[in-house]
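The next part holds the structures, each set out as structure tokens.
Presented sequentially are two complexes of chain A, the first with chain B as partner and the second with chain C.
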Partner chain A sequence: MEVGAQIRASGVSKVFPSQGGDLLAVDNVDLTIPAGQFVSIIGPSGCGKSTLLRMFADLESPSSGTIELGGISAAEARKARKYSFVFQAPTLLPWKSVLRNTALPLKILGVAKSERVSVAQEMLALVGLSGFEDRLPWQLSGGMQQRVSIARALTVRPPILLMDEPFGALDEITRDKMNQELLTLRKSQAQTVIFITHSISEAVFLSDRVIVMSARPGRIIADLLISLGSERTASVRLRPEFSECIKMIRGKLVDAYDSTKKSDLKPA
Partner chain B sequence: MDTSLLRRYGTPTILFVIILGLWEMYIAIYDVSLLLLPTPRQVVGEYVQNFVKLNTFALNTLIEAFAGLVLATLLSIVAAGATFRFTKTSKMLENYSALAKSLPTVAIYPICTVFFGIGTEAIIAIVTVGLFPIMFLYALRGFTGVSEHDALFDSLAARTIERFIDLVLPRSVSYLMAGLKSAAPTAIIITIVAEYFGGSVTTLGAYIRRESANLHTVEMWGAIFSSCILGLLVFGVVVVLDRHFTRWRPE
Partner chain C sequence: MPSDVGDTDDEVKLGDTSHFVDVDGSKSPAALGVLRGVIVVVGLVGLWEVVRLILRVDPLTMPSVASLWLKLMTRDINGDLFIFFLLKNMLVTGGGSVAGLCLGAFLGVVCGLLIAEKDLIRRSLLPLIVIAQTVPIVAIAPAVVLFFGVGTLSKAVVAAFLTFFPSAITTARGIQSVPGETIELMQTYNASSWAILIAVKLPYALPLIFVGLETSAAFSVVGAIVAELPFGSRNGLGVVILSSWQFYTIEPQSLYCTVLATCALGGIIVSFIRLAARLALGGRQNYF
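Showing the complex of A and B:
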């Protein structure tokens, strides 16, 4: 099993040109994530969390600064398939069966059909979807579709997993279930994970570390280690430390939201 | 029977029967000459009486239309596939196609006969030229469509050919089928109009021209009825193909 890779961002900024003037989305982010760490990034809507993640994935280029994944640039890491990306929407190809969707990354890698079928079946079993191989995406619920997209991301056994609010569209109960499944999966694969979320409890429950971003332009305003141990079950949510973490992050987020309001009140 | 099915098929059928009834009544009340307009019953009677002859002509027309449709579809897929990644070129071709769509068959006919003579080849060429802009516009729209899946393929570092086979081409199928739904009945119309001007004598268009010139109005309407059936059949086949190729869509 390949252990996760280190991720490093140095002085990363992102400016989007627009008609009303350039828009600074992410401002001077410095971040180092050690191999194997699970990091959640949380912040107000539009603060540049997803943009930052997309820059890690080389789906956006930084306007300044550098990004490294496992010691190579983000562009090289993408070409070398060093990471898998899980999108907010399941992004399953509607014309392909669950099995063929899951096996897609392996097909693109040129893996032989028999092997990719076997790996895809293994990953579907891991996310509890054995028996659904021949279904089409529309025949699955939203939660099941997202599980397929996670299975697809895991087929290449990537050292890095980049997840952009993957459970954002799910109801609370399904989301809790998916969180538990994600932790179980991670035990067997040990990737470095960057997880974007709006949910404080989700971030605390899943992560070794939580990064809080300010309102636009996105800056890191807090970097908190979560000391809840590696064994996390539903009962963790009842522990006082869990509530303490939530309270602390909530405080930081309130500051971030307040700064959003102030920046909105500024004259143009 | 399902009420939605009844509404879907029942209403147009009732409307069609009412139109036929009004047609029959109009001829009976105003005693319209057979040279001007036969009754629907006479038209159907003519079709039944000359069933073999009319369907032989229809088959020849269908072969020309089908050949033109297939050529236009293949050429448009190749042209759209070759240009969709070059925004300026594809935009220019898109504009030309939008213009070319409005070209009438009578304008294409003399140009094609210069190159292909006045036989079947010329008719197929006319259909191809007439349908290419329609199919090209749909194919280009399909190929240039952007969805959330593009970012997925970017993240997977997929090569152009893999992206084309696994994403662009299947995503375009809906557009191509929509194009075929529009182009297939048009293919029959263009073929018959082109045959009206020249080409093989054993086709529906040529038969309509002959019978019209001889004031054989009932025979002419029989051929027109045969053309309508042919158009509907072709459209039906495309609908079945559409359901087959896009069966992954939610029911």
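Showing the complex of A and C:
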């Protein structure tokens, strides 16, 4: 069982300098995620949720505020491989086999080949891709490619998983299937997960907690615990509590979108 | 098995890691390729003859294919066949072309890397390189020969000058074509920029670099010939072209045969580049 790590953001803001004046993308976000929690962040397009995630990954640095992953700064956490990042695109190297793609992080780390191969095989088995080791990425479907990228993320056994709309490009049936698999996976992996998504039902189905962000500048406008239990199968979607959660988040999101309109009307 | 003809059918079979060996080893597509080549040559010869006969073109402008063949088979004072004379000169020019191609491609790839990676170099060097492309190489060839002497070095320098640009531009473009997310992925592994270059950027750029090399290969022959045109050269296809110019009104066959020899030389060098590309890339053309 992999152990998670706590994530903390305090007073985090991000300003992007642009021609028409500075653009405030993330505004004063305070967030503490306990070790092992699965948190989804949902919000209107361009609300800064990806920017927030990228700051956790040290791919962007906050303009103000501090970020801690497992008690150390985001930059230190990146250097210590405390997290793995899963992008919306599978971002596999097209000329490398599934096995080699999966083992890539270990290769960069300088892990010996035999161990690389065995760990990569183990992770591929976890995502149900045993027997596909020698395939090349273009020979796999989009869903399978994304599973490879999740297996790759798990090879370094990170305490934290940062996922930026990983299933956003998949069709709905495949997405539901991937959601189910991700939950199954979490029975053996207790990482802390931050999961960015546009899909309300995906967020509710997967998460212990859903955070709703407002339109730009991105602020946290709702922070909801999802108490659907840890055993979640397709039938959870049919339960009244599930619909209740969806309805509530939908309401918050409508507010968030309305605030977009108002801010659009304001003179710049 | 792939049912397609020729060299387009290097499809990778599922789970097969040794695909390129398999493709090169399959005999029947290769035989079909030869057949296709023969058909194209016969077709071109036929077209040439038909145009010549129907339009009644002066044989000084369009000599018959048969007369070209006869010219190739004539012997000079020493009793050597003209075709062997051409082959000897092809070797001389080819040496300069290949040396220039290697030099130009090496400098081009290195420069392309720098252009892609360093903003300062892109901004300061790239305009210069582009402008340098407009220098009429025929005009400055005498200066090059004066400076580097008559021989392989001059040919290599002019050939390198022509091959540098395609290699540099395709390398730079190839490296810039790496998806930003892939670079970021490597950064999340805390990979050094050197590791990113070797593991991601260069392999991504490789197919495009080979496109540049193929273009360069053809240019390198032109470059080597141009370096043979000024004073002093005794051997090489450029020298044969010069003397054929002088006798064109008497015997145009000599010039046409030399041009064909030049094409053959370019074709041979391009084929080697293609072979190298196939060995280096395997079946990668399929998924790029």
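Note that in this section the second predicted complex is superposed on the first by the 266 of 268 C-alpha atoms of A that agree within 3 Å, B and C clash if a C-alpha of one lies under 4 Å from a C-alpha of the other, contacts with A are read in each partner's own complex, and residues count from 1 in each chain.
In this text, a contact is a pair of C-beta atoms (placed from the backbone, for glycine too) under 8 Å apart; a residue touches a chain by one contact, two chains touch by 3 or more.
This one's a predicted model, so the numbers in the text were calculated from it and none came from an experiment.
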{"item": "Fit or clash - chain C, chain B, common chain A", "value": "clash"}
{"item": "A:S50 touches, of chain B and chain C: first, second, both or neither?", "value": "neither"}
{"item": "Chain B versus chain C as contact partner of A:S13, first or second or both or neither", "value": "neither"}
{"item": "Touching partner for A:S201 - first (chain B), second (chain C), both, neither", "value": "neither"}
{"item": "Contacts of A:W138 with chain B and chain C, given as first, second, both or neither", "value": "both"}
{"item": "Partner chain in contact with A:L59 - chain B first, chain C second, else both or neither", "value": "both"}
{"item": "Chain B versus chain C as contact partner of A:L93, first or second or both or neither", "value": "both"}
{"item": "First, second, both or neither for A:N179, with chain B first and chain C second", "value": "neither"}
{"item": "Chain A residues contacted in one complex by chain B, in the other by chain C", "value": "57, 59, 78-79, 81, 83-85, 87, 89, 91, 93-95, 104-105, 107-108, 136, 138"}
{"item": "Residue ranges of chain C touching chain A (in the complex, touch as defined)", "value": "12, 14-17, 179, 181-182, 184-191, 195, 199-200, 203, 281-282, 284, 286-288"}
{"item": "Touching residues on chain A, where the partner in the complex is chain C", "value": "57, 59, 78-79, 81, 83-85, 87, 89, 91, 93-95, 97, 104-105, 107-109, 134-139, 156"}
{"item": "Contacting residues of chain A [partner chain B, same complex]", "value": "57-59, 78-81, 83-85, 87, 89, 91, 93-96, 104-105, 107-108, 136, 138"}
{"item": "Residues of chain B touching chain A in the complex", "value": "148-149, 151-159, 162, 166-167, 170, 173, 246, 248-250"}
